[in-house]
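What follows is a pair of complexes built around subunit A, which joins subunit B in one and subunit C in the other.
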Partner chain A sequence: MEFVRPDSIEATVAALQADGAACLAGGATLVAMMNADLVAPHRLVSLRDVAALREAARQPDGTVVVGAMRRHRETAEETDLRDGQLVLSEAAAQIANPPVRNMGTIGGSCAFADPAADYPPALLAADARFSLIGAEGRRTVPAGDFFLDWYETALEPGELIESVVLPPAPARTVGSYTKLARVAGDFAIASVALVLGMDGRACIHLAVAVGACGPAPVRRRDVEADLIGGGLGDTEIRRLTDALAEAFDPVDDVRASADYRRRVAPRMVRQALVEAQQRISETP
Partner chain B sequence: MTGEPVTLRVNGAERPVAAVAPWTTLLTVLRDEFGLTGAKRGCNQGVCGACTVTIDGEPVRSCLSLALNCADRDIVTVEGLVPAGAPAGALAPVQQALAEGNAVQCGFCTPGILISAHALLRRNAPLTVDEVRAGLSGNLCRCSGYKKIVEAVVSASEARP
Partner chain C sequence: MTPLDTSATGVGASLPRLDAREKVTGRAQYIADMVRPGMLHAAIHASPHAHARIRGYDTAEAQAVPGVACVLTGDDFPDGRMGAFIKDEPAIAKGKVRYPGEPVAVVAAEDEETARRAAALIRVDYEDLPVAATPEEAVAPDAPLIHEGLADYFKVFPAICGGNVASETELSEGDVDAAWADCDVIVEGDFETPAQAHLSIEPVGALAEVDAEGRVTLWSANQSVFRVQANVCEALQLPMSKLRCLTPKVGAGFGNKMEPHVQPLVVQLALKTGRPVKLILNRTEDFETVRARHPFKIRCKTGAKKDGTLVARELSAVLDCGAYGDDSPGVLGYSLLMSRGPYRIPHCRASGKLVYTNRMRFGAFRGFGNPQVTFATESQIDEIAGRLGMDPLDLRMKNRMQPGDRWFGGGEVASNGLAECIEKAKAAAGWARGRALPAPPGKRRALGVAACAHISGLLATGAIVRLLEDGSVVLNTGAVDIGQGSDTVLTQMCASALKVPADRVAIASPDTDGSPYNWGTTASRVTYTTGRSVVAAAGKVAEQIKRHASEIFECAVEDLELRDGGRVGIKGVPDKELSFFEVSGRAHWAAGGPIVGTDTWVYNQPSVDPKRALARGLPFPQIGVYSFGCMIAAVEIDETTGKADVVEVWSAMDVGKAINPGSVEGQIEGGFVQGMGFALTEEMVFDGPRLANPSMMDYKAPTSLDAPFDIHSIIVEAAEPGGPFGAKGIGEIGLVPVPAAIANAVASAIGTRLRRLPLTPERVLDGMLEDGDED
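Let's look at the complex of A and B:
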């Protein structure tokens, strides 16, 4: 095993082209797996000295670019995120516990793509996209096309997540992230990320993604699109939760049974939507 | 050990190691090379918090930090909570508070708790019970003495000037 610490994105991409090379970000997952003898990369490429990956910046139009090495604690406290984009900071604040949030990064979490992780549903609901860079150059992948299957992403071998890009959220949208876990700081049994905008009684923006209920976060853009322009009462919410539930593919694990997840997640979506509408109606 | 040389800054002192393998964790180097056995290896998976140290002032897991990735960082272990040169047996205020509050049972979790608590106490305001519970949520105590631990840290925060 070899350890390298490049200080630029170019040098990092070059170092990643070797067989068995792996990025080392926070180490919160990778080193745990090395300690358990589950993986042994031939070359560890530490990202700690690549300054460009540690930045987050808000552009004039409200787009926020979050560098892959931003740690969960930084994202939880990110002042550049506004309105519906706050779904991401709410998710970051609910990951694990303070020491793990001081280590783990958004790039590492998304590259690992644990189906119960908190960022994937939040990024789907925020309509975020990934900026990836490899030997062939840069490409952009929408979050919905990035998380593919159990622990499987659109990353190609030798490719690096450079940043996560959040488009500006429409003004006066709210973002929220609700997580059900056995104890605070555990991985989710189920989670709901949403971005909602209302104009009086009419729904003008709707994005709901459910985590930990299948290999990748579940979102039903088709039904969301149908609901835009109308009210968001019991009937409409029911249409969305039924459609989401159809797309669930949960597993039984130590945290909960698949059956429990199927029952609880639609109720979490309903509650999150009711609460978000309340928040909007109380905001002057 | 095979590997490369590295110098780590631990509790204010520069400490060289002749050869560290890439997979060697900070926890292993602290315990096996430097004899700093305050940080404990409970799970080696980031879950229990017994190995918690601060790096550049923030509590992190030393079992999930690779030693070679810690060069040029400021590492503080429980042994470093008392300033160098203090009389033998001197305790930091947070250590005093846990001792006086009978907040230690077997003591395995205590070094990690002290590091997390010390980081919390750097904030000026007195801490609430909820803030302390959230701040210590990454440190498990198998003896389940949480109530006294939390009370001791709250009282240490109130005693601050």
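Let's look at the complex of A and C:
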């Protein structure tokens, strides 16, 4: 196995154009998989020396660009994230445990695309986009088109996640991330990411994504759109949870049964929406 | 020698672990750290089949890998068999395989990677056999026979066995069948507990080396160098004098390292190659091939009178033995012995069946079957309280065993701190505030309680105490400190018995050549059994010290006393004294010979009185002394998901005497957290015969992030008359009541009785939505 340590994005992209090349970001997942004999890359391309990937920045319009090499702990404490964007820092704070949060990166986690991971639903609810770079240049892929299937993303061979871009969240929206796991630090049995804005009793912004209930995070923009402008009581929440549940495609695994996921995720969505409305109503 | 304050380090002091510094700084040597000159590394070729005949091996490709020194298959091993109760297990599969992951061949090579690569190249010709993955399948009429030779195997007890049933046991007192008519309330139910993984932080491993005379030295992760010696010698048909067993530091053992794992494999490789050979299992192999807590299916029935007086109990259990007997007959017998609980129940019958299956072997695990039956029996105590509208703690107090009462079967109980445990736990937990507690919105909180008992004892042990020339002391017991702190505790006892500071006592590392026999670090026994030998051996040293002093001072031995700091003097005459230095110098160079005290004994109190009880197929005639405990847990349920979390715990445990209170608290806390895992999250999931979650990613034990911040350890000291300083064991009992106490709290919170562990969010949510049958 070859180990290379480029110091620029261009050199990294060049190094990735070989068969069996893999990016080594924080190593939290890749190294564990190598130890378990699940993957055996021919070339490891370390991203450690690529300074540009480690930055996060807030643009004047409120857009936040999070470099692929930002550690989970940094994202959990990111002061550039505001209002509904905080769904991302809440998710980052609940990933695994402190040692993993100090190692693992947002780019690495998203590229691996474990459906029970915490970032995919959070990014989907935040309407985030991935900025990818490969031999052909840069392209942008919305989160909803990035997570395709079990451990499968829109990344092409030889392509690298450069950053994750969060659009500005409308003022006074709140973001929240709720996770159910067997023990602290485990992957989710189910998780709910949401961004919510209310004007009095009217819902003015609504984004709800459910994780670990299928190959990719689930969101129902069609129903969300219908609910904008109205109240968000039991009936409306029920419409959304029913629609979400239709889109679930969970499996039985050692964490929980598919049946339980189908039943518990709507309950979690309802609870998260009730709590988010309460938070908004309590904010002066 | 300057007199030192011995009380600060002796019995009753929370002396820090003797090896705390070396462990915290990473200098402690575990088996994986050990290196010997010219050492080879071994790897296992494991069976992919659950049950198959081995028709032949092709090892040519593996042998040809550069760096491979030796490849051995079942054909290269002697025909010996090992097993604590039933000698049914070869060192490596011979003729057939009985579980997925069973070692079929082993490779020794210059490095681990080469050994593993070569092991993967071994070809084995298998003929698949029908599989019995569960006890139900294994007792079906057309079930495949897992051990064709069962009838002929040597057994250390009168086993009732046949077909795939490895052992049947029954114990009864009174007239159960007639007693139900006297009961005003009867509760009955089926309980189920899963396989739990030991999850020692250190996976198992071993290193063997052959000397020029052909004698083997074997280091391994173990709970008894003597059991290692016995097992390897049985499997490989070696005289015990040809094998010396030693131990490095051990990274925890919960029963998994008591009986054999890979030790016979490295010994045979070392004998064949003439070079040192080391084998360390990785986490997956450790999960799949070592051993785990038995899955239990329990049917339990308990009856009481209107006033709460317990009348009758009937319990029957089916245990999945796995492919080999290991400690399983003991677990079955012990669980039945515990099935009455610490109560007066005049009519009791407990019976059980241990069934071979094509799964990994199950064996000893902290609690030894007691947590499983206690989950059932203590759930039913709460059910009866509910039916009668009584307070569950009052019901326990009312029916508790009284001082002088005998254990189920008739064994004597010399000390009983149960009432104090119940009262102290009750007061500390604020039980009087009611079982339903105030909870944050969206949550429910409730208290749950369970009482229990456990033994410390079993079998043989010894100690040798030697006075060195300068008056300091060497203690040698052969008991392996597996991380629980027995070296520290035994040192404190020896120091107190001789009135020297603990730092003047060295403790020898266990060595089958030089240590007295010690059955093992298991059965919560080291403090009690080995401690007793330490005190007796130190007493013999004290006698000899006094005899020397009496000759020097020309006074009677009875007039002499030991004084703090390693001195002997005439009672009432402060300036008439000698240091141990002076006494030992005389003994070494002038008169009497070096001072050595030795003691050995075997636990010999009968567990069954044939005049009181009927016992069939009981694997141990002499079990041990009894400890008692009571635990209360405050549990919070999330109404959205059903997830249960323990928020606070009060655990009162009767240890006779806390030799090292800090260590006792550590055992109570550790036992609680491991029990909480068993209750809430831990489950080895099987896909037919195969373990589906053999990794720490898929199998989840709680960590410090899940444990409640407040675990209140309450030490109760009902002195055991024969115990050293009155002490009895604490290694296991802290875990025993945990699943029952948590399940009782959950039942209180959700209104439904759950009888299957673990209490996953799914099961709790189902119970809460059903909101049903709890009274």
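In this text, the second predicted complex is superposed on the first by the 284 of 284 C-alpha atoms of A that agree within 3 Å, B and C clash if a C-alpha of one lies under 4 Å from a C-alpha of the other, contacts with A are read in each partner's own complex, and residues count from 1 in each chain.
Rule of thumb we're sticking to: a contact is a pair of C-beta atoms (placed from the backbone, for glycine too) under 8 Å apart; a residue touches a chain by one contact, two chains touch by 3 or more.
It should be emphasised that the depicted structure is a prediction, and the values quoted were computed from it without experimental measurement.
In the superposition on chain A, contact is made by A:Leu44 with subunit B only, not with subunit C.
Look at A:Ala96: by the touch rule set out above, it reaches subunit B but stays clear of subunit C.
Once the two structures are superposed, subunit B and subunit C can be ranked by residues of subunit A touched, with B on top.
Legend: residue contacts after superposition of the two complexes on their common chain; A:Gly27 is shown touching subunit B, with no touch to subunit C. When the two structures are aligned on the shared chain, A:Met1 is found in touch with subunit B, with no touch to subunit C.
In the superposition on chain A, A:Ser257 makes contact with subunit C only, while subunit B stays out of contact range. In the overlay built on the shared chain, the residue A:Val65 is in contact with neither subunit B nor subunit C.
In the superposition on chain A, A:Ala184 makes contact with both subunit B and subunit C. Residue overlap on subunit A between its contacts with subunit B in one complex and with subunit C in the other: 32, 36, 97, 184-185.
The touching residues of subunit A, counted against subunit B in their complex, run 1-3, 5, 24, 26-28, 31-32, 34-36, 40, 44, 46, 48, 73, 96-100, 102-103, 184-185. The touching residues of subunit C, counted against subunit A in their complex, run 284, 442, 640-643, 681, 683, 685, 692-693, 695, 697-703, 705-706, 760-762, 765. Of all the residues in subunit A, the ones that touch subunit C in their complex are 32, 36, 97, 180, 182-186, 189, 254, 256-257, 260, 263-264, 267-268, 270-271.
Residues 4, 21-23, 25, 44-46, 49, 52, 58-61, 63-66, 68-69, 116, 119, 134-135, 137-138 of subunit B are the ones that touch subunit A when the two sit in their complex.
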